[in-house]
Amino acid sequence: MPIKFPFSRRAAPSDAWTKCPSCDAQVFNKQLERSQRLCPSCGHHFRMSIGERIDLLIDPGTFEERDAGLESVDRLGFHDDRPYADRLEASQLKTGLRDAVVWGVGDIEGRRVAIGIFDFRFMGGSMGSVVGEKLARCFETALVERIPAIVVSASGGARMQEGTLSLMQLAKTTAPLVRLDVAGVPFISVLTDPTTGGVLASFASLGDVVLAEPKALIGFAGARVASGTVGEEMPEGFQSAEFLLAHGFVDAVVPRQELRGTLARLLRLLPVPAVDDGAADDDDRSWGPLGALSGFAERLGGAVSETIGIDVEAPSANGSGPEERT
Amino acid sequence: MTDSVTARTGEGPSAEAIESAWRRVQLARHPQRPRTLDLVPLMFEGFTELHGDRAFGDDPAIVGGPALLEGRPIMIIGHQKGTDTESNISRNFGSPHPEGFRKAQRLMRLADKIGIPVVTFLDTAGAFPGPAAEERGQAEAIAASIKLMTGLQVPIVVVVLGEGGSGGALAIGVGDRVLALENSVYSVISPEGASSILWRSRDEARTAAAALRMTATDQLELGVVDAIIPEPGEGAHSDHAATARAVRAAILAALRELAAYGTAELLETRYARARGMGAYLETGTGSRRPPEASSLRRRIGRILHLPGVPRRPRWSEIWPSADDDADTERGA
Amino acid sequence: MTDSVTARTGEGPSAEAIESAWRRVQLARHPQRPRTLDLVPLMFEGFTELHGDRAFGDDPAIVGGPALLEGRPIMIIGHQKGTDTESNISRNFGSPHPEGFRKAQRLMRLADKIGIPVVTFLDTAGAFPGPAAEERGQAEAIAASIKLMTGLQVPIVVVVLGEGGSGGALAIGVGDRVLALENSVYSVISPEGASSILWRSRDEARTAAAALRMTATDQLELGVVDAIIPEPGEGAHSDHAATARAVRAAILAALRELAAYGTAELLETRYARARGMGAYLETGTGSRRPPEASSLRRRIGRILHLPGVPRRPRWSEIWPSADDDADTERGA
Amino acid sequence: MPIKFPFSRRAAPSDAWTKCPSCDAQVFNKQLERSQRLCPSCGHHFRMSIGERIDLLIDPGTFEERDAGLESVDRLGFHDDRPYADRLEASQLKTGLRDAVVWGVGDIEGRRVAIGIFDFRFMGGSMGSVVGEKLARCFETALVERIPAIVVSASGGARMQEGTLSLMQLAKTTAPLVRLDVAGVPFISVLTDPTTGGVLASFASLGDVVLAEPKALIGFAGARVASGTVGEEMPEGFQSAEFLLAHGFVDAVVPRQELRGTLARLLRLLPVPAVDDGAADDDDRSWGPLGALSGFAERLGGAVSETIGIDVEAPSANGSGPEERT
């Protein structure tokens, strides 16, 4: 049954306008909301809230949130200049979310998917136990229901306040992907600004297809961490969506206006295969006596006449070929 | 056709054979000959190019991605030459680096995962032989592609579009059916390369082209190619749309036939096809095949009951078998 | 032990906890602390280092190859720090580039192919964060390693030797049993990094070390580590040979236990281990685990009867089950 | 049954001495034969005949050649400045071999292997139909007998005189390797001077372990072809065994004196696993009810006391664990 949205659908703060970080234009927040949060002057992709993502991608009225009740626990008693519990509360108040990810099922142009979406405003989209658990359940549901999985990432990485428990979310979110491979269920990873650290170093890099929004910051190490540790200048355009495309880690950089259409097309092109059940499966597993096939193999090696199509007969039209299936 | 060499008697190719072979080479290299990306939109719907090898880069000399053929998904992979100087430079004249073959492998694995057939288009002078390609393992990349294709659990249809250049072509050219356009060529080495190595001269490329038996007809006779797709008019360059229709029909016919196979039979047949290539004598017996080979192969079949052996026939649900369809597109 | 934080009440770590944690960090980083290649010859016979990722290079920050343990083969993979300035530079201080993780993946696949257990040794400050590593896909390499390990069909025993530094450690650290030397540490970020990011200061590394609960005891309590291997004397650096004996015995005990599992159970248990990590509340029910989770997991089990599911138990023939051996090395 | 060697066991020409290409020393051929064809001054690895390789690697008296009767056919009627048939005959006379590869079974320190060995003197070690067929049979025998496969390569690549039929040997020799992977049978590839072209671009690059002899020329394109096509200077040490080691394609560069020992050690370290037969196999394939395992998983997540070894009980000692096996 559908669960009511527990979270705020709007990301824009209450200020009347926002300055575009790309072109310095002053953009009215109301205009941003109407324009998929794209800068009307330069097309800069502003970050989106989860609600805005759902509106952008999912057929109206079809999204059902799952596991909304999961909530973070301060297992370490973590305290820097402020307790973890306080940080959680502040993020919850700011965003109306319980944690940095919402997941659920919904349709994209009529095709049902399991989808997880990050909100970077919630503690920098950091992945702690709740984020990891939600994404693992998202993947497992895709597996069980045999529907494609999609995750829209926006994250600074693992949530340090949960120590190694957050590091272990890399394995927790990646392990189900092995099973999606075995079951033939596709996973599409969408990288938005910014996707870094432990999220990129786990499931987010492992999509069967990896899409990215233009100019999104995407990288393993924070650029400051990297230049601090290494003492080298970072190359121009380093850690951008376009950089990753050039280096072979992203399939396509997709402008936000085309994202829903691209996802819908990919869902048509990469369907979840039907499951082989019981007898049919066993039947196919049996390797027939090779002698029966060798006749066919011989013919393949021999001369065939030049026509359009192939005039080697289909083995099922032949007593010695594999048996017909239904 | 005059390409046949059965009339040759070890004197080297006749002037007529040389003329005929060289004409094909020139047509195969014709600047207006349709390339992979020229034909794909004319044959398939929704083609979505995917990029990158997930390790080093994206090679524009190989393109690929899923598309629909009669509403059913397939994975397309092809060499991509340019159409002018600029695009030829960016495409490296269709000669892939290792990352191109590794991108192809990634796309094949994706096709395997979701159980859709792979259709490849061969059109390259060969894998790029430069130092960067050597550094990043050109030989390993080709070898790994060949290996992956021999074990892929979905049907593979290969179409030789233009130049089938040696290992760089075979790297995406191992399949269940290998089709060739009438004026395409397929060779272990370019005629120019053969001329300089075997004739120790730059001037014997035409002779080499005939001696190597590069034409589609020759390849059909040698069993390397299973069927030839006729080209329209003066050749494929004269009518891209008609070429696309012919290639599409041939692919469709091949996939319909392959849909009759279960995964095990498909792999067994593909293995037998690769395994059966070549000509040799077995002294003493005189037979072309060793007497113990069939029994050996039967034992291998038993051994492959081992754990881990593939058994996904899903593509056959996506592609109906030939029996479901009219026979009009099938030959004799 | 005083590392436990159960006594903390959200005020930040006590001075005592800070002192204790920092001492461990220093021991874990001790210049004489035994590295992978110090211990391997003391624990195993015939270690033969294999090199290269078959795609780009050979990363000296990760070493690996087969060896014998009590006459039975295993595959060893470990981070490798240097022992002096020169070797530290050539080993990049034990911080791998992507090709290091890809070499590790290759060796794991080889172990999987021939059915021998994998034993890994963690000792890195983290994956290298430089631009070349980014270009070649540091994140992808780590992610792919993690994924491979979760599906590997042979037992995996992980030993945290020194520093278990974040994703660079976890990339070879997903296993069936995770053991930690007494003075090793394991963390999502270095204490120095946490200091500068969370405390916005370079001076709070000690506080961060305690707050992050990096010590082996902490990790045991959090369930990240399954058992602690006591160190001799002043710490592992004081006696490499005794350390090697202790680590060897712990690995042997773990492998003997794992030999009791069939492949399916092994994979299921490893999945459950990775899947169960973390702490959260489920509002409304108050349970730590969602009510439908177990039934969901059972359904997944059914689904995994699907074609392609691994079923090779060969390692269990190589490694006798715990029942075959004396119980002396097993705990309660 | 053992088959008598049909081929000459000596590679050294009848000249009394050979000039070392590395150090220019004059080396007596008799001395080369006694010293594993290593230059006594600089250690240069001279090329070896097949007989010398067998003597170097295989336990005396254990090698049995297989398929010695295979012979090349001039399927294309190939004729450059000389007919293919003449070239074959000249190589046969020079080497005493029928073609460029001999394969058979034999022992290395008591462990049986299927081994194929190239002789570069036979038409540059080029791979035509006979070489491909012999190697495919070598791999298939390794599969059927469950013994490791070894190939010692020395080849200029595909045999141009057989046209695309020689190109197809790349697929013919590579296809069996998929089955060796499935069956868990290791393949060790040994690259000697020179290994290039189609041999390197097929099975030779795909060893589970790839060894190379010092300073062997190993590469895809002939260096002249490469520099001719590309118009670039080749880097120093390009296409050497050491270059391939540095770039990740070779596991170890092994001096000839250590080759037999290294192979013997690898055979011990990478054994062919026993086959699971019938019932045991089926038993293992069945995925037990996960409920039974969840208790164990819970315990793994919980605290365990600090002892050497692991005090999570082995599930077989526990009613809810997996069943015991025999």
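By written order: A, B, C and D. Residues from 1 in each chain.
By definition in this document, a contact is a pair of C-beta atoms (placed from the backbone, for glycine too) under 8 Å apart; a residue touches a chain by one contact, two chains touch by 3 or more.
Worth saying up front: this structure is predicted, and the values here are computed from it rather than measured.
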From chain A, the most remote chain by mean C-alpha position: D
Centre distance in Å when chain A and chain D are each reduced to the mean of their C-alpha atoms: 42
Separation of chain B from chain C, taking each centre as the mean of its C-alpha atoms, in whole Å: 45
Distance from the mean Cα position of chain D to that of chain B, given in whole angstrom: 27
Two or more partner chains touched - positions in chain B: 54-56, 136-137, 140, 144, 277, 297, 300, 304, 307-309, 311-312
Sequence positions of chain A contacting 2 or more other chains: 205, 247-249, 276, 281, 284-285
Arrangement of touching chains [line / ring / star / complete / other]: other
Complex contact set, residues of chain C against chain B: 54-56, 98, 102, 136-137, 140, 144, 307-308, 310-312
Chain B - residues contacting chain A, complex: 1, 46, 48-58, 66-68, 73, 99, 103, 110, 113-116, 177, 179, 217, 220-221, 223, 226-230, 246, 249-250, 253-254, 256-257, 260-265, 268-269, 272-273, 276-277, 294, 297-298, 300-302, 304-305, 309, 311-318, 321-323, 329-332
Contact set on chain D toward chain C in their complex: 181, 184, 186, 205, 208-209, 245-252, 262, 265-266, 268-274, 276, 280-281, 283-291, 293-294, 296-298, 300-312, 314-317, 321-322, 324-325
Residue ranges of chain D touching chain B (in the complex, touch as defined): 67, 69-81, 83, 85, 98, 128-130, 132-133, 136-137, 140-141, 143-144, 158, 160, 162-172, 174-179, 182-183, 197-198, 200-206, 219-221, 225-226, 229-230, 232, 234-235, 238-239, 247-249, 275-276, 281, 284-285
Chain A partner contacts - residues on chain C that touch it in the complex: 5, 8-13, 127-131, 133-140, 142-144, 146-147, 150-151, 164, 166-167, 170-171, 174, 186-189, 193-194, 197-200, 204, 208, 211-214, 218-219, 222, 224, 271, 274-275, 277-285, 290, 293, 296-297, 299-300, 303-304, 306-309
